[in-house]
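Given below, in the form of structure tokens, are the structures.
Shared between the two complexes below is chain A, which has chain B as its partner in the first and chain C in the second.
Entry: the complex of A and B
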């Protein structure tokens, strides 16, 4: 992506795919469990908050031109802080990618390959992501731009075709688990927009830096719509979700789709499309880990770095012992990790950098 | 050099794909046996009796089986502790892998349903092979008997016969298509209680052919079978729950004691309004019915202004009395809200906690009903009488 700068649409879809991946796996389930029937109010609420947060972030980025968070870290605290930021970002990306790929492969095994070896399933995903990264980084972006509209369309299809089974009254009581859980504790659900971490990195890859605000806000709207549709269909279809939990949230909705007697079950078609989604997700993560490490630690042999990144993801995904652990890591550990990195640590660096830059600019003006 | 690398990578991928596909464990169609109906009953020693109706391949010889009920299926029964164990037992002696992907109906005996069937339903809904749309039927006779005698009328395939509930619901309104997903959802819903299709030996037909019928509904509360609705009560249930499609209803004639008038009812809309007074639900049902007269006599014309009004009034009081009786039966006898009145009542509560504390399904048994019926008659005559 260094070779070719990202245009407006490519940048949006790059962020959207990351957020959608998490929505397909867990987010709707977690939000429904937290807020109950008021989940859709919570989503609207956190979308507004995240949009405001992002406008604020854009403001903080404005004096730095096309610099990403790594360059700003260096500006704020020298090379040490840059290294520290890089390590935090790489750990975050490696952690979540290994948990996500483990979770998806376990579900894939249940639905598609009951007799397959989990190790080989994970291996196949990682190997494909390595090959994609090895040959061309631009191809990730192009494939992603082609695939994201299709994935967005699948959710609309799920929503439209499952609506026959839905019961609107399952949105009631309107305040679900109460005002506190919807609005106060519910604020923590902004971690659903953890994919915004790429906004801190992508700025240096944008063709037009002025597009940053538009790219961010459009990605938030796309992701929020996808989340809203998936939560709405789950909530109106499955009353047991309010008190229970499930795996592979959106897949449940696809099982309810029946297109007459000739196409009684089409759930595997969605699963097939999502396989590409997860491949792209993994490719993007590996690409960014490679990019961060190269930028910070001046790695000369990029191939070795690529293999090493893939190896870490592979091993980390095998460390998880069962789906209960996967669930805990994805819904509890990731939640606080995302909140810390995306909504506390990175804005803190930006705020310090912004203040420092303004002081310098004022000083320069006074000197002139 | 680059092409060599590509070649190595490609070979690696192919090897992995072969490994993933686990080629030794792939089942071809000849290795599989497809279950079209699954039956659960009380077994000996208080365990489960599992009966499976399995479709025979065209190449299979049905004569070899002692238990086959029709040329296209084989019925097999085992005693077991769980559904999965039972399937495994049958796998062992049929020498094929049973597959539930084409299972059309889950038949559960009345005796077992009275004890509670939640665990079995949860097991089945979690099975990736079982379709969420396969029907749930409660059999008044043994499930083994029911499956062995579910020989289709005018059909060669049993699987197709099991799909006929939908058609029956559309034409007669004497039963309702209840899928596994509907049943499971209704069980977990705090607004309503579940119902299932009711099956028995044929009672309507005078042919005495030993065949089975699907007529009426089985009513559940707290996961246990609490009663049943006959085919007339099923009609009132469909009308009140706004799921009614079509039926022919015969009511006594208001003009003569020995005559009956057949009405084709094709549209019913029920508006529900619920007030909670001193923790007791007061339920108002406003039922609008659109009907056509099918009966005709040689010497009278029902389609005069006065006669229409008289038939409408009579139909109103007939429906009102039957629907009111039905509703009190659901509340006082069953204590089960099978008409989803709870989905209206919930509008009066702000949070889940308030709603849970009120315990709608527990309070439903103390409900009062106020039913109002408004019938609109239209003619379906080609030739009017005198």
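Entry: the complex of A and C
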């Protein structure tokens, strides 16, 4: 990522992979629990809000050229704020990655490997992410660009094949749990676009900074479509009671697919896609934690940092006692953490930086 | 213990009466190799010194095929001592007799004339002014007495040694501090034949041979373009084997050509065993088993790649050319693809793509499904597999490794035995042993089907080196499938994909044109119709992106 700048498509898919990973795990279930049958309206609503928010963010980034949030933090509050921002970002990424990997491995154990040791499963994923990070950083981006279309296509395939079992009447009542839950309390579901945190970081890696708005909006649309498809599948396929299940939300949809006698359980094949998805997610997070730490704390030994990051994720993922705690961490703690970091803290820094920059520019004009 | 010692002492005492031969240790070995003192030596003006040096350097006392012929040159009624050196069997003897020795040794009238050569003369006021060319023995020999088309003046003994070894004749003349390097090569070589390892139905039936000049001439003959450049380089310090770097000057990227030459020129090796070793020494990733340079024996394949802007390296003594840079998709293409209708070509490409995955994954998937993911296949099929395995005493991993290794042994044996016996080995190995193994309940019949399909699909991969890579990698997926089912295979595939993404062949991404995404022209996975093959691929960064102007079929109008 340092070696070669990200082009338009690579940047989009880098953000999309982070967002759809959460969609595969929990988001559709959580949104359906909150809003009921009006979930798809809620998704459209939050998508519009996030898009507007992102346009605002792009405006804030405009006077800083190709600087990312860390550089802007330094500009706003010196090295102390930069370090503070780096620690917040690293904690956020490490926290969410350890929760996500724990959650996914637990699901994997329940569904496919009941006899497997959870420690081994988590270890296998983290070890793979470490190995992959040993290759050139650009290769993860390239692999991501090749795999994300496949992952997106899978959701369409799931949707198309499960349409036979779908019942449109399950969309009703159209306003689900009411206007209040759909539009007011539902605003908090904006956290499902927490993957936008990478937008604050990748701006310095973009080949063409002018693409930032396009990259952000396209990735929001891709992720929203994916979320919409998965929510629609869940809504139309299952009666309301099943929708509260804590198992992988996309997995539930794939279980309904029947392709004749020869492939009675096609969902097993989708496991490959999910494995790729989570490995990409983990590799990218480890890469970015490594990058933030190197940029801020001038770490010379990158290999040690890589092992240290992987070790922290591994240990943190094992600290969780049971799946109920994982569920709580992912849907409550992460929700507010994401809202705080992505939608409050980072924009606040940008706003201060924007005001400061504008004042400086005005001063410079007056002096001229 | 004592008994053993006694036996050992008996054995050793017996040996004392036998004829013993041991290779000397490194310290005892005298340094017979051409020392550094001999290297970079210039030709002396004294012919006796030169003769002594040549005798020493070429070991003429023990080398029976190195011929030195001493004689006297008659030039303008003067006599000069001279000698020629060549290797018997590598030169055209008639040429040496008729066009080197005869003119130099025979006393003819022109040679007897002692006067200076008058270039021009003029008379003014009864005074004659003559412009005279001063007699120079070197110019005279070179211009008048050596009726050869390729004569060079050489003064380095290193160059002399190299050229004598390649079949040239060297002429030394007394008082001259250089010598004449005369090209009189003539040796028997294999004639141009059909490609044995890369056969096609439609397409050229000419393959490269071991002789470098024959190969370069074949390329010249088939690629009539004045911009085609064939540069010569030598590789190896003691062997000094000749290589030829072929490219089209106004198409191939200059940096690419420079990089190829840089790598070839900076190989610090004594000698090379063949083009395979050269390939390994100049590729980007030293530890990867994935081929990053394509060897081909086909002339049309090489020409096609040269026209696209790639570089082809020929190596004297090898009937293979090396193509660089290459991408993964090149290893799944054949020259046939461009000769067939694009619909058929694309069908073949899809089949090859399926074969690629089957070769790599099928045995691993079989293990994963039978061990972890039985739910994926129909219950009836699962029962059938389980019942067929019920009498087999081994674990599925042992069973599959046993068969895979047996298959590889049969394949290796089929290659090594004399060709008339090859089919027999195949029949005995595949049919008789396979059937016997099933009947003896050593392996299950379904496994035989899996191994057979995997084996056959590996043959549909066009490139031998790439097929080898897949065959070797297959074992990793077998182990991963056994230890972690689809999870293991998924992890293996992911690492494999990222590894492929990290690979580069002479600066070109291995997964071009798809990762990073660039404009897809000829190198796309699917073959374009003939009338759409107008542009070269952008990822090669050729000097001219347009391969040909708009292809129009005027006759249609």
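Note that in this section the second predicted complex is superposed on the first by the 364 of 368 C-alpha atoms of A that agree within 3 Å, B and C clash if a C-alpha of one lies under 4 Å from a C-alpha of the other, contacts with A are read in each partner's own complex, and residues count from 1 in each chain.
Convention: a contact is a pair of C-beta atoms (placed from the backbone, for glycine too) under 8 Å apart; a residue touches a chain by one contact, two chains touch by 3 or more.
Values in this document were obtained by computation on a predicted structure and should not be read as measured data.
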Touched partner set for A:121, first chain B, second chain C, both or neither: both
First (chain B), second (chain C), both or neither touched by A:113: both
Chain B versus chain C as contact partner of A:37, first or second or both or neither: first
Which of chain B and chain C A:279 touches, first, second, both or neither: second
Touched partner set for A:238, first chain B, second chain C, both or neither: first
Chain B versus chain C as contact partner of A:131, first or second or both or neither: both
Partner chain in contact with A:9 - chain B first, chain C second, else both or neither: second
First, second, both or neither for A:332, with chain B first and chain C second: neither
Partner chain(s) touched by A:174 [first = chain B, second = chain C, both, neither]: first
Overlap of chain C and chain B interfaces on chain A (superposed complexes): 113, 121, 124, 128, 131, 261, 264-265
Interfacial residue positions of chain C with respect to chain A in the complex: 372-373, 375-379, 484-491, 493-495, 497-499, 501-502, 509, 511, 514-517
Chain A residues touching chain C - in the complex, by the definition given at the top: 4, 7, 9-10, 108, 112-113, 121, 124-125, 128, 131-132, 135-136, 138-140, 142-143, 145-147, 261-266, 268-269, 271-272, 275-276, 279-280, 283
Chain A-touching residues of chain B, taken from the complex the two chains share: 9, 12-13, 16-17, 19-22, 25-26, 128, 131-133, 163, 181, 184-185, 188-191, 340, 343-344, 346-347, 349-355
Of chain A, residues touching chain B in the complex: 36-37, 110-111, 113, 115-117, 120-121, 123-124, 127-128, 131, 165, 167, 169-170, 172-178, 237-240, 242-244, 255-256, 258, 261, 264-265
